[in-house]
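Just so it is clear, A, B, C and D label the chains in written order, and each chain counts residues from 1 on its own.
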Amino acid sequence: MNASDHSTSPVRLKATASPNQPTPTPELEQLYRGFEQELLVPLWTEIGNLMPPHPRSQATAHLWRWDRLKELAAEAGRIVPVGRGGERRAIALANPSLGGRPYATPTLWAAIQYLMPGENAPEHRHTQHAFRFVVEGEGVWTVVGGDSVRMSRGDFLPQAGWNWHAHHNAATEPMAWIDGLDIPFAYNTESQFFEHGRDAINDAERATPERSRSERLWGHPGLRPLSQPIDTPGTPLLAYRWVDTDRALTDQLELEDEGHVGVLSPGHAAVRFTHPGTGRDVLPTIRCEMHRIRRGGSSQRWREVGSSVYQVFDGTGTVRVGQQEWRVQRGDMFVVPSWVNFQASCDAETVSLDLFRFSDAPIFEALHQHRIEVETN
Amino acid sequence: MNASDHSTSPVRLKATASPNQPTPTPELEQLYRGFEQELLVPLWTEIGNLMPPHPRSQATAHLWRWDRLKELAAEAGRIVPVGRGGERRAIALANPSLGGRPYATPTLWAAIQYLMPGENAPEHRHTQHAFRFVVEGEGVWTVVGGDSVRMSRGDFLPQAGWNWHAHHNAATEPMAWIDGLDIPFAYNTESQFFEHGRDAINDAERATPERSRSERLWGHPGLRPLSQPIDTPGTPLLAYRWVDTDRALTDQLELEDEGHVGVLSPGHAAVRFTHPGTGRDVLPTIRCEMHRIRRGGSSQRWREVGSSVYQVFDGTGTVRVGQQEWRVQRGDMFVVPSWVNFQASCDAETVSLDLFRFSDAPIFEALHQHRIEVETN
Amino acid sequence: MNASDHSTSPVRLKATASPNQPTPTPELEQLYRGFEQELLVPLWTEIGNLMPPHPRSQATAHLWRWDRLKELAAEAGRIVPVGRGGERRAIALANPSLGGRPYATPTLWAAIQYLMPGENAPEHRHTQHAFRFVVEGEGVWTVVGGDSVRMSRGDFLPQAGWNWHAHHNAATEPMAWIDGLDIPFAYNTESQFFEHGRDAINDAERATPERSRSERLWGHPGLRPLSQPIDTPGTPLLAYRWVDTDRALTDQLELEDEGHVGVLSPGHAAVRFTHPGTGRDVLPTIRCEMHRIRRGGSSQRWREVGSSVYQVFDGTGTVRVGQQEWRVQRGDMFVVPSWVNFQASCDAETVSLDLFRFSDAPIFEALHQHRIEVETN
Amino acid sequence: MNASDHSTSPVRLKATASPNQPTPTPELEQLYRGFEQELLVPLWTEIGNLMPPHPRSQATAHLWRWDRLKELAAEAGRIVPVGRGGERRAIALANPSLGGRPYATPTLWAAIQYLMPGENAPEHRHTQHAFRFVVEGEGVWTVVGGDSVRMSRGDFLPQAGWNWHAHHNAATEPMAWIDGLDIPFAYNTESQFFEHGRDAINDAERATPERSRSERLWGHPGLRPLSQPIDTPGTPLLAYRWVDTDRALTDQLELEDEGHVGVLSPGHAAVRFTHPGTGRDVLPTIRCEMHRIRRGGSSQRWREVGSSVYQVFDGTGTVRVGQQEWRVQRGDMFVVPSWVNFQASCDAETVSLDLFRFSDAPIFEALHQHRIEVETN
């Protein structure tokens, strides 16, 4: 790049009279022209934005209503085919402050996926980690590495990166569910790989068993199948069933009733989905949890490094995200940006408010960058 | 120690004419007297024993019959009280080659414990890691840190070191079970602590719940209670129920029938009991597993560093330990010394041969000293 | 957001007639309007960009010449003061394809910093991890947690996040060096904290010792000071001196001459700067290495997930980054984007080509996303 | 075993009238006969010995004087050849309370080894971990995996299990040094393997370089050679030179003089020898450290789980081990049994008291059984 390229430099610097900035002078302007020409940017013009006292998220707290998501997904089901190339009929939440990109948060992708009766989503694999969560419906099986996994209401279905997978709807009704992935993180860090697999899975894989093979191997509490390796980055258990999750949450609240430890805070039960061979997060980059707030109760108010996406699984209540406050019900989805306070409360008219949550916390824990601040009162 | 102490030195050296030994001479004898006086032992007289080509266990393969163990335990139940001081009515297997010491193997303690109706074993805690396994019967609850844990046939009940615990028999029948501990290892390495607790647990602890609080918190597959720490050396789950273990083994054999991976080797299903928060062994020094050999089938033949104790949980079969071979049935216990070959076969007349096993393998794995050799044919 | 907000939605979708896209129809346009209104983006319009077969970096391979960097830094030294607010006279490389942002790569910040005789850079701390590397000059001490650390040619000076630090030039000449930080990564993942410290360090801290206290504690090979904790995320050793680095590289090449293992590949010696208490990377997010290519030799050609910045420390040679090729000399800096091939060759006229390198590899290793592909021929 | 074998049972039980024991009755005697016959031992007769309130070591605190060790070793050098079979002219400390076995403590072997001018100790390898420490003299090279390693006063030379090694004395004087191994631990846990290598190393291996190849690769502070694996259980660095150890200790005491952190306690500097690739102990089962007590100073008084062996490297002082107290000087060796208090003091007439120490602490840390209690006053 030479002097004549100046006008084409992506760098644009302007000497302004403002506190903490060097006094605008012709010399300074000249220096800035040199910087632009050489593709340089001084720290002193950027530090306030780049190095804030604490995270100031680009993302906005936002709520998406489930009824609208489903309506639009159903309409897409009617007019947009599923197949190789587009790969999935998935429609992603686009945070209003992230420039129209399909990013729920700066690191997380969240989408509603929709499959019509008899449809198949073709096989592929990618290094992005993924999961599915089913807020309602049934009839779809996801086939991961040849293992057919039933998807039903309340089930959590993780699928670690680089596993071949396809989906097929074996029922007579359409089915919707949500997908979570670390697509924005992988995109921004430029670490992603993707491959197409077969266009159609075979008949054996189109089976519709009640339990997947992964569950038969790994779905027994505290029991490791000796034949299986345990050092996989992601979980080998492909389905965490609602019956188990529900019972775990119920148990915590009953323990609280009996005066014993168990709940995260008064009236607030919570479990994390974990790799049964290591106890770590199910996916190296995504943490997934189910929270239950008891009738009339509230969670603590807290903020932490990293962002979360929630979906209301059941019940009604109120959630506060920073200055925002929404009344929410089944299926509604919302984001909590980094270092923004969050609190959830369950209505008095419902048994409990059940919230599915996923976040990017494992990234920060692995890199020793995680912080959390719980409000005490 | 001075010269006149010579006769009292525990060291005794003798110059002998043998290969690899220095020629016996008066000078050498004189040198050896000096060694004795100064409490010294040369490597060259000891190396063959101390540094063999591979482990040559001091322990012997040995079998104890369950009917005799139970008879003697029942007789002890009749005439030996349980209480503070003796602490437990536990009767330990003494390997015939370990000098009459209550050591099943050089590192492991295995005992039958027996509690009469209404009896209580007083509270204590120790750094030795322990577990209980129930081959038959029911009616006893072990109370660990105030949490009452039911003990029934097939249940595995780990109890990591330094937890307060007591037992009480709430039934109208005596009950026997086996205890496994790392007492010999802790004794030889001189690393053990012990404290008495209360002589009697309170009424609330004398409860007889179907499920312990630990199970309600940790007994859900892949689900971690967010309120609980996970970095405990031993497992926080105090009971691994037979219904789960049985199903896991059944699943593996059915997967084999369907042509899928799952069994450890043809006809041989196996699970390891693990810490649900870390996936590691339930106890830092003791590995516990359940093995099932299908009707008419056999395990592979293998040997490994470290010793094991087995108890037949169900079925009949034949076990080969080194040159020994025994026909075994429910309750029978036997030891496999370090680096001695083992193979088990299930009879044709029984559904399966179920073997509970515990070993000291975690010690060697933690210290990078583990080796295993599986015979291939 | 209601229907009338349409025009303000950041989401913009256009139905186009192209392969893998649904046929443009009025219905589809209508659906897309719904998506825009509800802040939704379908996967099928984005997948090619979001989920490429392998990383396709936004960043460009680019070279900055040291003489120009120094000229501009010197000019900034003349006219831009250093002080609270701007904090540092640091001028960052702005990758030409990253929109004018001060990002050398999507994750890494690289800057030249400049301090005039007698100047002080005020104390602050931040969670972003940082290091300094000195390609020439001396006279500045960086004061980290009260420990004054000399900076001289060839020295590598890491400074893990959240340590207080200031710099002062104790010499009569200006001094320039480079800074590397994970500012873009922290910015994009929104995980950063920053605090101002004292405006001026005290007299004791303005000392100019030959060795810092950290070196006296941690700078002895293989020796851990028993009084110090070792579980710090970043290294406690604040200076890696050129005399040691140079000797380590020389040793590897001499071992190669003698026919022994040691070099990374023929003619290519390399060391990684590591945390002496854990052996891990000096910083949780940044890997730092020194490479030496022997006269007339070349490195292998390889590509890996994640990006790197290099500075030529000594010698002259040729580097190839993807399709680019540059002749380089002392001080020149260049970036290697994710998954772009790199190879370096040393001229025949110079003793060796010494390259300082830093990269974001620890991020990908911690998250199990690292891949490397070395060309074999 | 049947009834007639009674007299041959190794188990011997006696009903005695004593507290905490069942009342001696004919029935009890009959029960005990049954136990003996079936190779069983009740807990109630053993618990006091087996499960004490805290470790009560079988070993005794004991001191061996270096002048006597050397005299006897020199005499052995005169009359006992070194060669295949006996393998090494090593003479082990036999703790007076461990039955004449060559065990310094229940887990550790400590020996003086002696090699005459021109002698060679034949090549072998074993899984037991070993090190050498040189209190005086020089002239021997140990050859580990073909790498010749000089041994000189103050040098610490670890050698992790399963590495081929031989020694040769290239000087005109005999040389003595000490060996430390985990032989008793490996023996008691039955985990050891041993193989003979070549009877003679080749000429290239008989070299006498100043620095070993391992030092040229790994002996640079904080610098990891990129070509080398780091996940070895034991350290790849085969020599820790006195010049480095001495400087590290000197630095700590000077930092104390200047008012900075660094010493372990007032007047007491200490470093641990560590694996430069992981920061962990040099050997998986043996911890090695060098301690320096300043003139007139003392260490703290502490006790910990596990045993230690010390050798005085330099200076004179007083050591207290439990109730014992000895004045010590260069070369003297003594043991500190498990959970016995230790304190060392340096005389006023000597610059410092330098103590080399090795212990079995890594075993207990790996198994979460370590405890330490430092006396505060």
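One rule holds for everything that comes next: a contact is a pair of C-beta atoms (placed from the backbone, for glycine too) under 8 Å apart; a residue touches a chain by one contact, two chains touch by 3 or more.
Computed from a predicted model, the values in this text were never measured in an experiment.
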Chain located farthest away, centre of chain A as origin (C-alpha): D
Centre distance in Å when chain A and chain C are each reduced to the mean of their C-alpha atoms: 29
Intercentroid distance (Cα basis), chain C paired with chain B, Å: 52
Chain centre separation (chain A, chain B; CA means) in Å: 44
Two or more partner chains touched - positions in chain A: none
Every chain pair meeting the contact rule: A-B, A-C, B-D, C-D
Interfacial residue positions of chain C with respect to chain A in the complex: 1, 9-12, 19-22, 25, 27-28, 31, 34-35, 38-44, 46-47, 50-59, 62, 64, 68-69, 71-72, 75-76, 79-81, 84-102, 106-107, 111, 126-128, 161, 183, 185-195, 233, 284-285, 305-307, 337-339, 360, 362-364, 366-369, 371
Contact footprint of chain B on chain A as seen in their complex: 213, 216-228, 230, 235, 237, 240, 244-245, 247-248, 251-252, 254-255, 260-264, 270-279, 282, 289
